[in-house]
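The same chain A turns up in both complexes below, where it pairs with chain B and then with chain C.
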Partner chain A sequence: MSDANLHIEVPYVTRVEGHGNIVIDMRQGRLVTSHLEVVEPPRYFEAMLKGFPYSDVALITSRICGICSVGHQVTSLKATEKALDITISEQTVLLRKLLVYGATMQSHVLHVFFLAAPDLLGVPSVVPLAATHPDVVKMALRMKKLANDICDRLGGRTIHPNRLVPGGFTKLPSRADLEWIRDMLVKQMVPDAKASLALLKKLAPKFPAFERETEYIGLASPTEYAFYDGKIASTDTGLVEVDDYLAMTNEFVVPHSTSKHCRHARSSYFVGALGRFNNNHALLNPLAKAAATELGLKPVVKNPFLNTAVQLVETFHVVEESLKLIDILLSKGIKEEKPAVPGKLREGRGAEATEVPRGILFHDYTYDNRGQVVKANCIIPTTQNTQCIDDDMTALVPWMMDRDMSKDQMTLTLEMLVRAYDPCISCSVHFLDVEFLE
Partner chain B sequence: MTIIGMGNPDMGDDGVGVRVAELVQEEARRGTWRKVPQVVAAGGDAVLAGACIAEDTDVLLVDAVNMQAEPGQWRVFSAREALLCREPAAGSTHTLSLSAVIEMARALGYTERLRILGVQVGDVRPGRFLSPQVARCMPAILTRIREEAETLP
Partner chain C sequence: MSKPKVAFFDFTSCEGCQLSKLNLEDDLLAILDLVELVNFREAISDRRDDYEIAFVEGSISTPHCVERIHRIRRQAKILVALGACAHIAGVNAIRNRMNIDAVKEEVYGKDKYLFPSIKAQAVADVVKVDFFVPGCPMDNQEFKRVLTAILTGTQPHIPEYAVCVECKARENECLYDYGTVCMGPVTRAGCGAACPSNGHYCFGCRGVVPDLNANAARDVMEKYKLSMHQIRNRFAMFNANYVEVQEKQNE
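Then we have the complex of A and B:
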């Protein structure tokens, strides 16, 4: 390897959201370039929000992403409510959590089966899987449909829910809706998740056995595996309040990416399923904990490829958590309540965070005394992960060369690495050809 | 019967499928149809469309198409006909093409009960609107869907 030359360009990484290129350049054994180029144009959502009334903000920011639309909307609502001092009911919190869990199920199933599984099964996309593994594809479609239906029944739409407003819900799910969700989770989602676990256990040896220690960041709470609320936890430095998120994210720009990069205690940090798992493992629900044990996952998991496996563990967790929440809601009964409204409008600022499928998401708004946005800042998970992807690539290339991997194997492994992060590149600011130049 | 509306409503006529789905839902709320189909506004989520198709029911998938016709013209294709105009499969799940979804449905054995109602687009610039030509075809499309919903078991 000491005098090796290697140049890999993957102009369009497939099975990720958005447009990113992998560039690797090694000259005479020295790694000159190893990074993910993000080439999507900025989308200016923060600037777009200026002047909009607080009632419209969550509906706009929901459009940042079609997969994490629930997460953006909930985080946005929480930040607005904090800024304007709006107090929401316990019922609203429970229903929002339930919705976040439904969206997490939907996104994790999408990633595990439709984005990552083709690599493990040796096919280029999910389409050929329908012919070779029809039962797996049918199961994955069934799981995704149910997760979408949960979001529909709670939020009014499968994507970009329209019932969530500052202070609460414009329309509440019925008791029958909750009973239906409960029934389907028990009868369909739990058995399908167990079948998925058996499948992933068989495929697990196909995850590259690459490890790189880094800092893992996610929300953490003393009472639950945090998705909806908590403090920011780092495996390196412990807990800080969400209000201090800028001290964690430390955004900076690099020449090769239109997405900003982030760093904290080290050159980069990891957010996502691994970030949550490595900070919250002890609070996993029983089925999820058993799934982690079956897959051999113990904190601190340092293999980025296993982010996908942890997503399946989290699927169990959110199903179990959803069942608990539904039982509470059913026992208390759904109460008709109007969304809470702010008192006298005043200037205010609110920063909030939610764990969306790809990691911790921050929204931060400053409002004037008319309740209109003066300043907004949204830091999405993929922005926080881009530097970590680059650092992983820098370590992965020599690791692959030490194992005498072919160029095809190296290219696939690099793509698998990017896909393991489940990146949402469009949100941070489509498709794969490979060109080798040596 | 399930109606799946696809497309991006923020890109003019590209969102005609979602608009049709919304109009069917509005008709259902008004109680003017004797039989109301299940409606899913899948937008750009082709995998969700695939999940609906995999429920093995009669599916009419409504989407914007370019079939070199006048804007607002529409026709119902069988899944077999749609495969004839297959385009290269896109690599991103978020932009999984309609043909890729149909191919998946075919491999799973669901294409016999899948049809596509394609509407020729006129204007797909950014914005939440339908071009006048496409907007004018909405009543005829709704009539067709209502007739099918009332005829199919």
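Then we have the complex of A and C:
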């Protein structure tokens, strides 16, 4: 193997969000290139935001990504509210959390069943599964639809919600909406998640048994498995405040990617379900904890392919957490309230973070004294994961060669690795300071 | 009879419209009975180039996009633009109002010459488009209606009146009464006044209504003592390219 030559190129990896190519080049046993090229056209969002009034900013940043639009809106609103000193009600926080959980359910189900599962079942997409496993496909569609319906009832619609504004909501869900969500979660989502767990347990041996330990980063809170807010936690270095996020992300440019790369304590770090799980495992709700045990997952999970399995564990967690929040909201009753408004506009800056399905997301805005954007910065989970994907590939190629895998098997395994990160490539090139060498 | 071969392609966009189709959970399997999906990168691994109907999402914003859209146009018998980015260039066009060289300089610094970028354009600005589904995100029901029309050889109905018509029919309170500048009077209907019905102003994602009654819109602004500057800000979000064309005509 020491003099092996290997060249693998996968243009436009399928079943991921956005455009990325896998390039592996080994010459005489030396790995010259092993990376994910991000070739999505850059979007220039930070430049575009300049001059827009604070009321419009979340609407525009929502368009960074259709799949993560709830996460972008919520993070954007939090950052704007921090910058302009807008205090939101407890009800608004609870409803936003519910929405974030609904969006997490939706995204996790989409990834586990539609994007990742076909590889475990040896088919090119979910389409042939409709013929061979109709009950599973129908169940997955049902789960996804319920998650979407939850977002519809809370945010107005699933993709680019239209009820969220700085200070609160332009329209509130009714008591009947919340009761409906609670009943459907209990009657439908919990049993379907349990059936999914049994299924995934059977398929789990198909995940490559590859491990590479790295630094895992996610939000952490002393009281809950953090999604909505918290401090930034690293498995290597502990906690820092969200305001200090730039010290964690350290963005840098690589020539092969229109998405920047990030690193902190090591050459790269991991964000996403594994980043959260490895920092917050102790705070999982009971069904989620049981699901983790069932799948043999305990921190620190070092196999990147298992990010998909942890997403199912998190699906249980967010369902259980949603039920808790709905009970609180129902016991207090939904209060009709108008969105809070800023006092006298003045210059200000606010940086905020949310755990979105693919990992920790940062938005940071500076406003002038008319409430218009002067400077904006958004750091996206996939941007933070791209270097980690490259480092995994560098370790995975020799690992696969040691196991005498065929080139086809290696190609599939590399694609599975990229998919395991559930990358959101449109997001990762949302702006950006890019260098593009051809 | 063989099923028509269908492909989906995405250009500069958030892929929300692609996701939107995967959100047609109740109808997805029925649609797959009617067409053969040969290329849909986000959802399936197959990729063939023998499609007859191409659905295109996203704006044209790099030289590579231009090449690719011409290739797709040559192959497809029918080309459909999906969503605001493809239909009117959407939020991507915001950057067109800025000096592209200055943007590149700011973003790329010394490397600005390395990155090829052109003005963000609607698909119809570059190649012929047979049908379009407006909106950000596109409306799933409208997508289904357009697909049905194409498959049955009829003409899809896309409304040519303003969002206000649908908003009134839903008996919403007018947001202008609350001092909010809403794009309803100038925006093409068909969304069922989705945003005003949720208490949110319309931001014009479906594009400007054909035969815009600018005088009536101006009357609304005057009635509520709002400045044209405020509505111009709203136009800047999704209709920056429309504004540019108008300004050129007025020169």
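As a working rule, the second predicted complex is superposed on the first by the 429 of 438 C-alpha atoms of A that agree within 3 Å, B and C clash if a C-alpha of one lies under 4 Å from a C-alpha of the other, contacts with A are read in each partner's own complex, and residues count from 1 in each chain.
The rule we apply is simple: contacts are C-beta pairs under 8 Å (C-beta built on N, C-alpha and C of every residue); 3 or more make two chains touch, one makes a residue touch a chain.
Computed from a predicted structure; not experimentally measured.
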{"item": "Chain C versus chain B on the shared chain A, clash or fit after superposition", "value": "clash"}
{"item": "First, second, both or neither for A:F114, with chain B first and chain C second", "value": "both"}
{"item": "Chain B versus chain C as contact partner of A:W180, first or second or both or neither", "value": "neither"}
{"item": "First (chain B), second (chain C), both or neither touched by A:I64", "value": "second"}
{"item": "Partner chain in contact with A:S125 - chain B first, chain C second, else both or neither", "value": "both"}
{"item": "Chain B versus chain C as contact partner of A:W399, first or second or both or neither", "value": "neither"}
{"item": "Chain B versus chain C as contact partner of A:N162, first or second or both or neither", "value": "second"}
{"item": "Contacts of A:R43 with chain B and chain C, given as first, second, both or neither", "value": "second"}
{"item": "Superposition-derived comparison: chain B or chain C, residues of chain A touched", "value": "C"}
{"item": "Stretch of chain C penetrating chain B in the combined three-chain arrangement, among 79-87, 97-105, 223-231 or 241-249", "value": "79-87"}
{"item": "Shared chain A surface residues [contacts with chain B and with chain C]", "value": "12, 14-18, 63, 66-67, 110, 114, 125-127, 130, 137, 141-142, 144-145, 148, 157-160, 431-432"}
{"item": "List of chain A residues in touch with chain B within their complex", "value": "12, 14-18, 63, 66-67, 110, 114-115, 125-128, 130-131, 134, 137-138, 141-142, 144-145, 148, 157-160, 430-432"}
{"item": "Residues of chain A defined as touching chain C within the complex", "value": "12, 14-18, 41-44, 47-48, 52-53, 56, 59-60, 63-67, 69, 110, 114, 118, 124-127, 130, 137, 141-142, 144-145, 148, 156-160, 162-163, 165, 169-171, 426, 431-438"}
{"item": "Chain C residues within the chain A interface of the complex", "value": "11-20, 22-23, 25-26, 28-29, 32, 37, 41-47, 61-62, 64-65, 90-92, 94-95, 98, 103, 106-109, 111, 114-117, 136-137, 194-195, 198-200, 203, 233, 236-237"}
{"item": "Complex contact set, residues of chain B against chain A", "value": "10, 40-45, 47-48, 50-52, 54-55, 89-95, 100, 103-105, 107-109"}
